[in-house]
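To keep things simple, chains are lettered A, B, C and D as they appear, and every chain counts its residues starting from 1.
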Amino acid sequence: MFVIDATVEKSIELDNQIYLLKIHSPQIAETIRPGQFLNIRVSDSYYPLLRRPFSVCDVEDDFFYLMFNIYGEGTKILANKRFGDVIDVLGPLGNGFNYNGDYDTAIIVAGGLGAAPFPFLIKKLPQDKNVYSFIGGRTFKDVIIHGMKNILTATDDGSLGYKGTVVDLLKVNLPMLNSSRIKIFGCGPNAMLRSLKEFCIDNNLDCEVSTESAMACGFGICQGCPIESVDNPDKFLLVCKDGPVFNVKDVII
Amino acid sequence: MFVIDATVEKSIELDNQIYLLKIHSPQIAETIRPGQFLNIRVSDSYYPLLRRPFSVCDVEDDFFYLMFNIYGEGTKILANKRFGDVIDVLGPLGNGFNYNGDYDTAIIVAGGLGAAPFPFLIKKLPQDKNVYSFIGGRTFKDVIIHGMKNILTATDDGSLGYKGTVVDLLKVNLPMLNSSRIKIFGCGPNAMLRSLKEFCIDNNLDCEVSTESAMACGFGICQGCPIESVDNPDKFLLVCKDGPVFNVKDVII
Amino acid sequence: MSNVDLSVKVGTLTFRNPVLLASGTVGYGSEMSELIDLNKIGGIVTKSLSLKPRKGNPPQRIVETPSGMLNAIGLTNVGVEVFLKEKIPFLKKFDVPLICNIAASSVEEYVECTKILTEEETIKAFEINVSCPNVKEGGLQFGNDVSAVGKITEKVKAVTDKPVIIKLSPNVSYISEFAKVVKKEGGDAVSAINTLVGTSFDIFTRKPKIKNITGGLSGPAIKPVALAKVLEISMSVGIPIIGIGGIMNWKDVVEFMIAGASAIQLGTVNFIDPAAAEKIISSLEQYCIKNKIEKLSSLTASYNL
Amino acid sequence: MSNVDLSVKVGTLTFRNPVLLASGTVGYGSEMSELIDLNKIGGIVTKSLSLKPRKGNPPQRIVETPSGMLNAIGLTNVGVEVFLKEKIPFLKKFDVPLICNIAASSVEEYVECTKILTEEETIKAFEINVSCPNVKEGGLQFGNDVSAVGKITEKVKAVTDKPVIIKLSPNVSYISEFAKVVKKEGGDAVSAINTLVGTSFDIFTRKPKIKNITGGLSGPAIKPVALAKVLEISMSVGIPIIGIGGIMNWKDVVEFMIAGASAIQLGTVNFIDPAAAEKIISSLEQYCIKNKIEKLSSLTASYNL
């Protein structure tokens, strides 16, 4: 964990108003793992005041990528960064995915911008794993397939792929994957994560999800990001330090 | 008085870290008079929150110019404006100089950035007036001669022109100007304005100065910019509305 | 024309929309009238008036702070007499409810001002400023004293039939105690909040940047505090509330109404974006249409705790 | 090595420089130690401790506001016992004065905590939090009650020889009255200020963004208020003050010292720029050299009104 000034290489706007920010930082590129995140100071003024947490979306040589859409003040400023702009990055933060396990098929389940951490995960997956990417969104505009492999899509309105939630799509397709040694990696809105959790627990599937929370510090000093633990009702876990990736068995989403 | 979005044409950096911002606005260019000012919103965030007042430095066709140096947060943001950036301008504000009078020689007395309003004034002076520009600064770096005519300079450290204050320079040179019908126009730090006022009153010279004050609104609704009136000790004048230009006889600086 | 009803009630007062302009941030209306159409605004609250003209504090009166500003104007005003003679005729030209804000140094002065002003039919209501942090007498001395606020309410109510709104100070432990006494003494509504006491030093001269030493903090910086005060009153006292503090846009207005405000006032934003009131009113209308809200007033105290 | 003396005294306590890290914004030091050299910091104030562990408030606990943030952590902490067993050993490795902050729900609990912790020699002083706005019992209930603050000071002083600093609430009319009672009951210093009560609503769900309904406002937005509170105490009570509230850089530190603070604490800035403390300390040194200030402590209460 360190604080570093990193230099923007370029800001890329994908079709659907999704931005990819390519940033130069050998130190981050070298140390960060899939599922970890960075806490980014978007401006040196006091407005916006707090850093903004972003998953690392991908790493390429000495560069890393962030993926986001313009949501509020902070992401608006980020989207306008240009070549040569310097941004203050705190990271690597959090635990990251456990992807070196005893399984043969990795299933990505992403809702909307929940796609962000997966290009990097897919890149880092050991060679011997198969990957299927289940990508959902409200409409076709919200489906982000950048950096995904073996893609199946679902939209609430049926404008692209399966009509229904991405978890429904998973339910329908799982039998056909013909694998008993599956690990699921999910990221997306809480409602999606809750239904994914239910499905995985009912079907005894190993599943890790990347969670979100409002955050101030991002590294465990403010206690701002609690998440209810299954094992210990007397104590919250911290999304920033104990997560953001949790096994669905361990947390109440 | 109106609020308008104006488009930056370019930001020009003069040698001595003085910026000229050229801005497109036919409405401002057409209506503003020398000595009037604009209250400018440098960013649409809440930091910095308040508008910043700037004299109009010059007008050319459909463009107007601001002149400033990087002083704090606001001027830093302004200096970084580029072609196409839109800024929110409130103006024209204040009264401006009375330059159409019964005199034949206009004498400009400017200290440091007090030079700002004079290029426009000099341009607008009736053809039949002579102009001399007395320009002072702490060192040669602070002497701004942009847009001035018949220049005499003074610096506190003697690094350029006369060694001493610009008012001292005026005292020394006034007899040589050979004119009895003089009008003096001053702008600069309060200490300079005070000594200019003293000199002009002692010598019965007609003198208008452009004053400064912290401001919030710039158009008379906040009462934030009082200046002590000579005539009426029971009531302050407002720099933004009754000024910023005052005859030195009327105000206590 | 849409069917949305933006009108709100504050006690017996009706405003065509909840957006009023706050005392001290609109002068007596004339400058603002060049920049916005006053006939569209919910109402105007005048700069605080006292019986005699007040010169106010010497400069520097204003300093910027992070997302806020400090002011110590010191209640500069033309006095009741000049107001009636010179300012009212201009305001009469507009179809906009006028609330007259009064600040005084004694209970008697509050009463005296009200007595004189209540004769003027253009004035629809009074807002009694018991909370100015920038004057030695009156101001906080009253604003922090429950019984003084009660007494002022009672005495002012006794000399006017028009609604009396008491503008409360946020610089107290429990603002609801003040709202309670206002209600008890017959006050029609409360305005919350006035500015928070603050200061700022020049680190080179070691002098306060504001000549008055302290000033009143306003602007977006104080919005969370103002909202908490409005909510506190709303949850414990049944009195109409006019919400004030850091409102910059229509979303802030909705937030204050949800927290308990029947109407709101725009202060500092008028300096930054003089057209804010008009923009906000039309955005509120759009918001209602989009969210199928028939009566904007249904937002008031609609919090979901 | 420069000859500048950055050290400051707060009552009988000496710190090598005035920059302490505020309670709740540094945890128990371990995470921060990865980002800055704790051996250079003036001191560390622990997250508020209570006798038993506290789970704290459910999420959402944090929301950003203009130039500030609201938090309602609810005093999540490991409790006195675990603190001594698991956190102290780590902190012992550093040469940095440790101030233990205590928050409790009753006078007895304050006393009990102090009694246990005073045995631990690593702890140099106590900061008694009587002003947390985010817990039902204790917190503001004490912080807004002069006699409760007096009683807590007296009882805690009775069970420890170490300096006792009382952390005051800004949510009161006159903070100096609280400082006075602390002094009278033998308190060694006051910390000013804790957070201001604030709230924020989601305009779509109409729920408070913070689950606890209200939270504590911190950050640059509150700096002017904090400075005014420090000045108020400094002008009327002869007690050392630790200034807190919105400090972001060395200039802010100088401003607080001029206004009356002997030392200061960094809070919210630690989240934004975890290295702020180190940067500030070295800038303060530069500032002293440049301005030929031999002892930084000479700034304290050097205001020029």
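In the analysis below, contacts are C-beta pairs under 8 Å (C-beta built on N, C-alpha and C of every residue); 3 or more make two chains touch, one makes a residue touch a chain.
Being a predicted model, the structure only gives us computed values, none of them experimental.
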Minus subunit B, work out the clusters of chains still connected through touching contacts.
one piece
More Cb-Cb contact pairs, comparing A-B against B-C, go to B-C
Return the chain whose centre of C-alpha atoms lies at maximal distance from the corresponding centre of subunit C.
A
Using mean C-alpha positions as chain centres, tell me how far subunit B is from subunit C in Å, no decimals.
36
If you average the CA atoms of subunit A and of subunit B, how far apart do the two points sit, in angstrom?
54
Intercentroid distance (Cα basis), subunit D paired with subunit B, Å:
46
Residues of subunit A touching at least two other chains:
46-47
Contacts with two or more other chains, residues of subunit D listed in rising order
66-68, 219-220
Between the chains shown, work out who touches whom and classify the graph as line, ring, star, complete or other.
complete
In the complex formed with subunit A, which residues of subunit B make contact?
45-48, 73
Sites on subunit C touched by subunit D in the complex
65-68, 70, 144, 171-174, 196-201, 203, 205-208, 213-215, 217, 219-225, 227-228, 231, 246, 251, 254-255, 258-259, 302-305
In the complex, subunit A touches subunit C at residues 46-47
For the complex, give me every residue of subunit D touching subunit A.
24-27, 31-32, 34-35, 47, 53, 55-56, 58-64, 66-69, 71, 73, 76, 219-220, 248, 268, 270-275
Seen from subunit B, its contact residues with subunit C in the complex are 1-3, 41, 46-51, 88, 90, 213-228, 234-236, 241
